[in-house]
Amino acid sequence: MTRHTFRCPMRWSDMDAYGHVNNVVFLTYLEEARVDMLFRMGAELGAKALSEGVLVARHQISYRQPLVFHSRGVDIEMWVGAIKGASFEMRYEVRDESTVFADAASVLVTFDLEAGRPRRVSDEERRFLVKYLEPVQS
Amino acid sequence: MTRHTFRCPMRWSDMDAYGHVNNVVFLTYLEEARVDMLFRMGAELGAKALSEGVLVARHQISYRQPLVFHSRGVDIEMWVGAIKGASFEMRYEVRDESTVFADAASVLVTFDLEAGRPRRVSDEERRFLVKYLEPVQS
Amino acid sequence: MTRHTFRCPMRWSDMDAYGHVNNVVFLTYLEEARVDMLFRMGAELGAKALSEGVLVARHQISYRQPLVFHSRGVDIEMWVGAIKGASFEMRYEVRDESTVFADAASVLVTFDLEAGRPRRVSDEERRFLVKYLEPVQS
Amino acid sequence: MTRHTFRCPMRWSDMDAYGHVNNVVFLTYLEEARVDMLFRMGAELGAKALSEGVLVARHQISYRQPLVFHSRGVDIEMWVGAIKGASFEMRYEVRDESTVFADAASVLVTFDLEAGRPRRVSDEERRFLVKYLEPVQS
């Protein structure tokens, strides 16, 4: 089991009138983390389709602590919660060394953009994802 | 049982490089709908605290159909899923007349900003929220 | 001489940690006003190309007064400052009845997206734009 | 004469439906560059007021080449174009090694936030800014 950590850059304007990072912007951070993991690492490892044919089907996020802008950014720790026939689940913690600001999960559907319908997770995608698989405890 | 519908203005720049409204922007639409319902209507009806002392604790959203920019905007239909001691749940559909683009739910915690801790849902807040209460079917 | 006024919807999250609409967001308001004027009105009037082949070449904006979120939005008053061979200038005031929050100007280049180069302002585009022409005083 | 270069992180969602970084987002990049230079470096060097009492009075930006998302970000090269009694001008190039995507200038007013009016550029602010001063050629 391995987790991938993305140091997500923050922007001063991510903060809203309450002086905290707006709750919506956390989802942008998760998007950047997915882009980093799936587009960049996937491309390096051959699972190029991950960057081209994946749709977001579902998000859930729980906010734990308020977050303020810091020039060093914030860490997004990521792993895979499940791999199914035509979808997989990413799980995340938005955190620094000592504090978890939010935890979240996304269901991502592997999609055939040309045909306009879901497709099966390919073997190379599965080999890439399984390294980060950390099944949710029952 | 009553639902509140907010006609949410869209921005052309809400679309991303796929030519669809970015999945994160849906959460901004929900935020605008809450601002409309809780800040404006709540202020009119006396539940002013709703606009001042509520924090987002949790979101979940499921994407059903891709959405593109339209100058007439998109409807956010809203109701209350539950009212508890120090929190309540808002439920939403992002839709037009014929299509549901997403459905979502948020847990909102009533918060005493000065004391820095959760507080009980007040009687006037409860009277306002209960009009929109549509308990989730078990 | 005619000016076009677009009532631009505001979003609560347009405000930054200073509690004012962030200076960058004013440019988003101008973009929405251009979309409204050029895409929608242009399409109605036959100058369809305006919505498809125009690039932003330059912006300038001067901030006059701080602006805060209001659910009624803010007005963008627009007119055309100049029409040249392959470009034109839009001018704007961001305002309500009594206060000008910012004034701005953009140079827009008519562009042949397929050929990848500027193209001449067409006759139908010129007929549409000239109605809003209010040349800058020397 | 010294220029400061800020490697500005990009976000995939900075691109709009044309598949290019939206023209408005360039202004966000300039904001992040100012935050980096003025807040962080200013704080280190003692010109703390720069991070607390500066308002944007004016922007101008010219777009040279379309820009697409890249995980390495984009460079913002910055210098000071002028220092006046109660304002100064920042100048910028948005660029990589070989291409200038945009050049821009901002007028920033030193402001006494408590008194609600402009104030003189302090001696320590002037000493900090003058190191980056590269007066515009006449």
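Order of writing sets the chain letters: A, B, C and D. Residues in each chain are counted from 1.
We take it that a residue touches a chain if its C-beta (ideal position, glycine included) is under 8 Å from a C-beta of that chain, and two chains touch if they have at least 3 such contacts.
Since this is a predicted model, take the numbers as computed values, not measurements.
The chains in contact with subunit A and with subunit D alike are B, C. When you average the Cα atoms of each chain and compare centres, the chain farthest from subunit D turns out to be B. The centroid of the Cα atoms in subunit A and the matching centroid in subunit C are 36 Å apart.
In whole angstrom, the spacing between the mean C-alpha positions of subunit A and subunit B is 24. Of all residues in subunit A, those that touch two or more other chains are 12-13, 22, 24, 28, 31.
Taken in their complex, subunit C has these residues touching subunit B: 9, 11-13, 28, 31-32, 35-36, 39-40, 71. Only residues 22-24, 27-28, 31, 55-63 of subunit C touch subunit D when the two sit together in their complex. For subunit C in complex with subunit A, the residues that touch the partner chain are 12-13, 15-17, 19, 22, 24, 69.
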